[in-house]
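See the structures that follow.
Below are two complexes that have chain A in common, paired first with chain B and then with chain C.
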Partner chain A sequence: MNVIESNQLTKVYGKARGISNVTFSVREGEIFGFIGPNGAGKSTTIRTLLALIYPTSGSATIFGKDCIKHAPEIKKEIGYLPSEVFYYDNMKVIDLLKYSASFYKKDCTKRMKELADALNLDLSKKIDDLSLGNKKKVGIVQGLLHEPKLIILDEPTSGLDPLMQQKFFELLKEENKKGATILFSSHILSEVQKLCDRVAIIKEGEIVKVETMSALTENSYKKFRLETINEVSPDFFKLEGVTDITRKEKTLSFIYKGNINTIITKIAEIPLKNLWVEEPTLEEIFMHYYEKEE
Partner chain B sequence: MVNVFLRELKALRKSLVIWCIGILAMVAGGMSKYGATESAGQSINELMVSMPKALQAIMGTGSLDLTTVSGYYGILFLYLIVMTTIHAVMLGANIVSKEERDKTAEFLLVKPISRKQVIFSKWMASLVAIIVINLVTFLISHIMVDYYNKTDDSYLIDIAELMGGMFILQLLFLCLGTSIAASMKHPKRAASISTAVLLITFFLSMVIDLNENLEILSVFTPFKYFEAKDIIGGTGYEALYIMLSIILVVVLTIYTFIAYEKRDLHI
Partner chain C sequence: MNIFLHELRAYRKSTIIWTISLMVLVLFFMALFPSFTKDAEQVNELLKTLPEALRKAVGIEIGSFTSILGFYSYVFMYITLCGAIQAMMIGASILSKEVREKTVDFLLTKPVSRSTVIVSKLSAAFVSIAITSLFFVLWAYFIALYVRTDDFNEQAFFLLSFTLFFVQVMFLAIGVIASMLLPKLKSVLSISLGVVFAFFFIGMFGSTVGEASVRYITPFKYFDSMYIIKNSQYEWSYLIVGLMWVITALVASFFIYTKRDMDAV
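Right after this comes the complex of A and B.
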């Protein structure tokens, strides 16, 4: 069964870019990544699904019900963490969480305490006095305390330190095991890679591709940069899967796709001063992966 | 829904106290001046009449008898109306727009609650707030007028009638505020625009006071609907204006609900 089904969802803003014909579906129990550069339309899609804004055309269903018409009903089972968390000033964390819980017709106290403990969140502090990362934690607890069947996260990791991020991912995996479906939007490929089963790639308001994570990693590109002791001709690396070779004095860089052992063997043939292997940015992936298809 | 209502009431507490102190200062300060003018006797009325009409209009004296405590309170009433309607219009505009201004819309509107329920809860909380303001004004006014009242007549009924008129105006401007905030694309500006509309209608009422030929324009400014000189003078409320107010309140309220339901939230 599909939890989210978006069908030709389109939102046109005056001049600003919206989204056009966004079609994808999220299956029950999966962690679905929604990835694209900033401004690609991730938040617009999510806000339309949540009926905060209305589609110009197209439609979407959540739990099989129209996301606009049945919004209040659907939202009983949705937990949402917005990209920027702002909450009512002058409220203590505990007050905000209790307020949040009061919308759901179940006792959330126990889960609230568990989540706060797991994230090291001090419930007695005023929200105003919290750091960005701690505000984010309030957002996480607020989004998860009613044990929703569908968790929607919009750029959830910004502001969280790596340790907390790890904790947070564990929490999400736990929820997922219990049966929650997760829609996770991000512009950072590696964090989506860590968590998601499938991803939709969105660019300039349109879905470019929906792929399983494994298919995407098979096609994964690596950015190599090496500082050599002697000058090496770029032709040395002319082999299958290497593109974009540039040389600047003794620094060579290129993008590689293929078996990692092949290239490592090749590199081992030359004396190196330093070596960097990096994840290409999403933009680079777009450029190399999708240029051919266009 | 009850939770949103209670949350809003809690959020309104502080500002309500401040407004009530303002009203207390206004009534107490204003009426204490009566203590001073009272001794001047009839000459104060002569002074007023000799003043240019423009000045009379601005001070709101009109045909009020300033030697009586009720006449004097009538002037004060104009300022009280301005104060309480500004409170109401800003309250209406802010209570709707603040979720978007403070970016809490992404919190509240993703809860299992419809936009209509949100507006209804906020509307009810605002209603409580303007009733509190009205009752506090009533109480303070009654105490102060009674204190300076040297005659055996009681003005309780007069003041109650004035407060009735004031309440209708508060309600009217509250609904104006909510409807502007509910329909605007950029809700941040809702409060300033609402206040501007209020001031324009207020100045219109002054212009009408200055020029009797413009009397016909009175329907366009609620400040002409319930005037102290009519209510205290004995003619009471005018049916036309009561009807007009009710229609406006109903229309603006319905409009608020529909407009807020239909538009994209500004996030």
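Right after this comes the complex of A and C.
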């Protein structure tokens, strides 16, 4: 079953920004990554799904219900954490969390305490006095305290130190194991790589590709780096499936997708000093997608 | 209900401060009343020396000034001015502060509809100003009982005093619609003071030139204190027009709010 189904979702903002024909779906129980640089339309998509903004055309369903028409009902089972958290400054953390919990028709006290303990969050402080990282923790607790079935995170890690980030990812994995579906948007690829099952790559308001993490990183793509004895022109490797060729003196590197025998035969034609074949990082694949489009 | 209580709590402090300020203000003015009545003749003589235009502008009528209702209605003009500022500020901030302080993401990703949000918030604003009005009126009544020199028409007194609430409701509605039409509103205080004083001066100007149609423009002139004192009732046409304005502004705000895009910060 698909938890989120976005169908030709479009938001037009005059000339700039916005998203066009965003179509993707998130299956129940998966961690779905949403990657793209700042301004690509990640937040716009998420805000439309949450009915904070209204689509110009297209539609989306969450739990099978229209995300605009049934917004209040759907949100009972959604936990949302924005990239920048802002809460009522003059409230204490505990009061803010209680206010947050009061929107859900169940007792969230126990889970609230657990989460606060796990994150080392002092509940008696005023929100105003908290550091950015601690405000973020308040955001995490308020997003998870009602044990939502769908967790939507919009660049959630900014402001968290690496240790807390680790803790936060563990919490997310735990929720995921309990059955929660997660939509995770980020421009930091390594964190998406760590966490997600599938990713959608978004660029200038359009989805460029949706693929499983394993398909993105394994098998299909290889990163070649070869040190040659004589200088070799990059044009030598201009063949189907080769991209991102760069040359630094006698070192050539490129990304290859295709039959491994073809490339090996080609490489065998030149005398080598050394050869590396690696899995490309998501970052490199990602850049590869971006460049190809241009 | 939780939003309503949250908002009520958020405005608790300012409501208390405004209520106490109005109470102190009326106490201060009404405490002067006994000394005015003692020298009634001289006061009237003195007032006659003021230019007529000025007297009309600030709402002084010779003769009425030395009766408790007349004196009170004069004082009351400034009370409604303050009450209007309070109401306009609540109205202008209750929806826009979430956007300004960026808490709107928190609130609108909760399982509530926007109509629930706006209705809860407006109810909290209404209750806040109703509390202010109620405490003020009761307090003013006790003061009047204390400083009176003669019996006075209590019904007229209450009718007059409760116009504070009606004027406040009108300014609340003006504040709400202003914050909807000016989504980038930065300073609630300056726009509130500006609008309230503009209407206040329009009212003064209208009284001076004796132009009746001006009365429909400014909420301060919807309730003519002299009429209320004489007839012990409101002028229905103004009450109805005022009510229509309020309903129009609030309904328009409702639609703007429920349809608006809450853009990222």
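By definition in this document, the second predicted complex is superposed on the first by the 219 of 294 C-alpha atoms of A that agree within 3 Å, B and C clash if a C-alpha of one lies under 4 Å from a C-alpha of the other, contacts with A are read in each partner's own complex, and residues count from 1 in each chain.
Here is the rule we use: a contact is a pair of C-beta atoms (placed from the backbone, for glycine too) under 8 Å apart; a residue touches a chain by one contact, two chains touch by 3 or more.
As the structure is a computational prediction, the values presented were derived from the model and not from experiment.
Chemist: Here chain A is shared; do chain B and chain C fit on it together or clash?
Modeler: Clash: chain B and chain C overlap once superposed on chain A.
Chemist: For A:Thr45, is the partner it touches chain B (first), chain C (second), both, or none of the two (neither)?
Modeler: Neither partner.
Chemist: Considering only touches as defined above, state whether A:Pro72 meets chain B (first), chain C (second), both or neither.
Modeler: both
Chemist: Just to be sure I read the superposition right, which of the two partners does A:Asp89 touch: chain B = first, chain C = second, or both, or neither?
Modeler: Both partners, chain B and chain C.
Chemist: If I apply the document's touch criterion, which positions on chain A are contacted by chain B in one structure and by chain C in the other?
Modeler: Residues common to the chain A contacts of chain C and of chain B are 47, 50-54, 71-73, 75-76, 78, 80, 82, 84, 86-89, 99-100, 102-104, 142, listed in rising order.
Chemist: Inside the complex, what are the residues of chain C that reach chain A?
Modeler: Those in contact with chain A are residues 2, 6, 10, 101-106, 108-113, 116, 259, 261-265.
Chemist: Please name which positions on chain A make contact with chain B in the complex.
Modeler: Result: residues 47, 50-54, 71-73, 75-76, 78, 80, 82, 84, 86-89, 99-100, 102-104, 142 of chain A touch chain B.
Chemist: Help me check something: in the complex, which residues belonging to chain B touch chain A?
Modeler: So the residues of chain B touching chain A come out as 3, 7, 11, 102-107, 109-114, 117, 264-265, 267.
Chemist: Considering only the defined contacts, which chain A positions touch chain C in the complex?
Modeler: Touching chain C: residues 43-44, 47, 50-54, 71-76, 78, 80, 82, 84, 86-90, 99-100, 102-104, 142 of chain A.
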